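Take a look at the structures listed below.
Shared between the two complexes below is chain A, which has chain B as its partner in the first and chain C in the second.
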Partner chain A sequence: MIVKEFAAGDSLIQRLDPRVKIVVATLFSVVVAVSTQWVVLVLALALGFCIVQVAGVPMKELIRRLVPVNGLITFLWFFLPFTFEGESLFSIGPLVATREGVYYVARISIKSNAIMVVLITLIASTSIFTLGHAMYELGIPKKITHLFFFTYRYIHVMHHEYLRLVNAMKIRGFRPRTNMHTYKALAYLVGMLFVKSYERAERVYNAMLCRGFRGRLYSLSQFSMKTIDIIFLILMLAVILGLVVLEWTRIA
Partner chain B sequence: MDVTFAYPGGAPVLDELNLQLHQGERMGLMGPNGSGKTTLLHIIMGLLKPSSGNIEIFGKTVRQEKDFRSVRQRIGLLFQDADDQLFTPTVLEDVAFGPLNLGKSQDEARTVARKTLASLGLTGFEHRMTYKLSGGEKKLVALATVLAMEPEVLLLDEPTAGLDETTEKRIIDILKGLDLAYILISHNIDLLMEATHRIGYMIRGKVSVDEERIPHTHIHIHEHGRYAHKHGLKWPDKKY
Partner chain C sequence: MHISEGVLSPGVLIAGAGLTAAGVAVGLRRLENEEIPSVGILSAAFFVASLVHVPVGPSSVHLILNGLLGLILGWKAFPAILVGLALQALLFQFGGITTLGVNTLNMALPAVVCHYLFSWGVGIGARRLVFILSAFAGGCCAVFLSSMLVGFSLYLTGEAFLPVAKVVVAAHLPVMVIEGGLTAVCALFLRQVKPELLEGAYVPKLSSQPQNGSG
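After this line comes the complex of A and B, so read on.
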């Protein structure tokens, strides 16, 4: 649950204007998510790994983050090939795997890895506070920006509170079983977390009011578009546009 | 001030409470749990509205949110739980939050924040993550966030609760070194005697101040017979 960043590094990608990163990552994700052409998907994945190379993200960190996504995808590989109508590929007992099913899962695998790789390198290389301000500068509604920002800050506090409650239950001999007592106790736990979060939110808001908060978060850092940002933006937009054209014209 | 306050459906927590704080005065506040000490501070800041009575701050009666906005620039409240106060990921951004709200430029805010951190001996903390600090560090940073607004009065809600002796002493020394009036809530009578001019006791929704001075003497024993010892130097580090 602990969120780590590689925000400390200093590669070309990390020094980019956060607004550029958000725009590029969002456009890329949308285009890749709706694409179906093999060539587009493979190119997108290759592009993702190019960005990783430039950003100098340690391979170990990258893999560590890709594991959960691919865990879910492995699960899909077990089911989807057998649930699609189409040309039969092989069969296990009464179960028949179809070519269409396998293609479908393969597409999902490539898409999600391409998107994750780009998100990890572009977004996780930026501090949350900076991202929040960049979102605000891009005209994303204030409420969403604040929600995003406070979720990040207080998720640790909530996690600690959750652990405290769990420990309090454990030291009094609570062991989860399949019975009413367990369900009730867990319901109390969740309820308690809601109440505590609500009260915490109230106190935080009060503390902010005391320091003159009037609905706007100010940033300490000024964003500035440098030549390198513009070059990166144009280059990436061109590449993404290229993907769109490839997908649209169905050359391959 | 002279106020009454009750939480919905409860008996009054503050019952025609009357309290005055003079310029530059340091006042201690004691009282059992649930006696309304925190409520009192929140009413002064305008976070809670009294059901009746008057609050006069810096010579002006304050009533509405608008009035309290200017009050909050001049009075700083240190919350009981530092996690409520520190909400940005890094220390510097949190300390600069108040000055930025007051309309300072980014450079000014950064300068004020650094200066405040340095004055509390927190140089080098600027880019630490607020949620990874220890309890004592959180409290000091929370104090920095309040002091960065350059208030004239501080309201301190149990600033040393749960802290070790060294950190407690550090905070008290900082408070004593400030040129500010403050109200200090604590359960530690020795601490209040050291850091405040007078001590109010809060009970049944009222504050009573015992200002009578009672001279008295203590008998003491030289437990090592005729070997002389110097008085007051036995535990030089433990003044209270």
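After this line comes the complex of A and C, so read on.
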């Protein structure tokens, strides 16, 4: 399957109340995203790795998940150093890289990775269904959470159908190339995917109605704030507040 | 086309989140409870489409499908795309929490614009040529506007991003044409095979009519 949230292990972080995780990850992301000071960013990244250590996320998994994040960042490294005004650092032919430019991209890289490390450890390690219920408890509109559940459910259905159709095409000797035939075949593939998933979704929904679905999804796991959750929440809020204060005082 | 976390300036992030919240609110008001499963399929399609790689010369591009989504869903594309992108952020780490607003806006606003411009042409009654041209224009235009919005979000963050923004738009020019063509062929296919999917009349069918349950 495409989609795996890694519910790896049973560490301290894994057992936290998902609502706490969402709140902490969101606040952390927002604060780091608007910060500009080196100290704050480096501390945020360090904090991120501390959480990784506590959560016991395998390094390999973490790096594998950070690769797509750094795609755009790498792309920016090729441009921004040369397009910023400022003191020249080095030059390649007519292109002059500036110190300001390099610093700017470096800050973006740290920021981006700090946020993603925390997001991966806190959020991506929680099962999607738990997250959905936690979002609902936190006041996200019911329609959005339902859409979220249905979409997650259908992603699997669609991907499954997609793999079946691709296999069927391969068996019949289809090889994708740059030509009209390929484009047409792929367009029909997507169309067929819609049709099949639509019919499947119809059946699923009707089955739900037969079993008395009245627009409410129930969670089997009850959330409860334990002492450890409160301690973690207060600790993290304090650290995030610390980052805000640090950022603030440095600017002034 | 996702913008990573930490790149954009606070102003752009806040503006994106605000506009997306407004768009989602409009979308949700139009979204009936019975429609949620069928809109869910389309958001899932939007998600899975990003895994379909279309070869272009030595390289390949992946489908975006926000045009098709817009033609079918209109304002409901906002919540659909929001949910699709949220799941991509959670499962693949494309984008994140703070950029969710901007990324949704960049994909969903063009979808809504295309809905207003071209959806009249993809009705069941439309002539074949009109139908093909509107579907093509819808797919094409949505990708073009999305790439412009991505470029614009980067540019608003800092003038130094201008060359990057230009490259982003330029890189999407071939994608536009391919996406337009695929949207047209796909819409034509749906018109023949499952017209109710295009009509938006798929709603009452799901809730009321009994199905002859096969498979």
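Couple of notes before you dig in:
The definition used in the following text is that the second predicted complex is superposed on the first by the 244 of 252 C-alpha atoms of A that agree within 3 Å, B and C clash if a C-alpha of one lies under 4 Å from a C-alpha of the other, contacts with A are read in each partner's own complex, and residues count from 1 in each chain.
Convention: a contact is a pair of C-beta atoms (placed from the backbone, for glycine too) under 8 Å apart; a residue touches a chain by one contact, two chains touch by 3 or more.
Quick caveat, the model's predicted, so the values are computed rather than measured.
Of the two partner chains placed around the shared chain by superposition, chain B is the only one that A:Phe129 touches, whereas chain C remains out of contact. When the two complexes are overlaid, the chain among chain B and chain C that reaches more residues of chain A is C.
In the superposition on chain A, A:Tyr188 makes contact with chain C only, not with chain B. By the touch criterion stated above, A:Ile73 is placed in contact with chain C alone, chain B being left untouched. When the two complexes are overlaid on their common chain A, residue A:Tyr152 makes contact with chain B and with chain C alike. Of the two partner chains placed around the shared chain by superposition, neither chain B nor chain C is touched by A:Gln37.
Looking at the shared chain after the overlay, A:Tyr218 reaches chain B, while chain C stays out of its contact range. Once the two complexes are overlaid on the shared chain, A:Leu209 sits against chain B and chain C alike. Residues common to the contacts of chain A with chain B and with chain C across the two structures: 128, 150, 152-154, 157, 203-204, 206, 209.
Residue ranges of chain B in contact with chain A, taken from their complex: 42, 45, 47, 69, 72-73, 76-77, 79, 81, 83-85, 87-90, 92-93, 96-98, 100-102, 106, 109-110, 131, 145-146, 149. Across the complex, chain C is touched by residues 2-5, 25-26, 29-30, 32-34, 65-66, 68-73, 75-76, 79-80, 83-85, 101, 104, 108-116, 119-120, 123-124, 128, 131, 141, 143-144, 146-155, 157-159, 162, 176-178, 182-184, 186-195, 197-199, 201-206, 209, 215 of chain A. By the touch rule above, chain C contacts chain A in their complex via residues 2-8, 10, 13, 24, 28, 31, 33, 36-41, 43-45, 47-49, 51-57, 63, 65, 79-80, 82-84, 86-87, 89-94, 96-98, 158, 160-164, 167, 178, 181-186, 189-190, 193-194, 197, 202, 205-207, 210-211, 213, 215.
On the side of chain A, the complex with chain B involves touching residues 127-129, 150, 152-154, 156-157, 200, 203-204, 206-214, 217-222.
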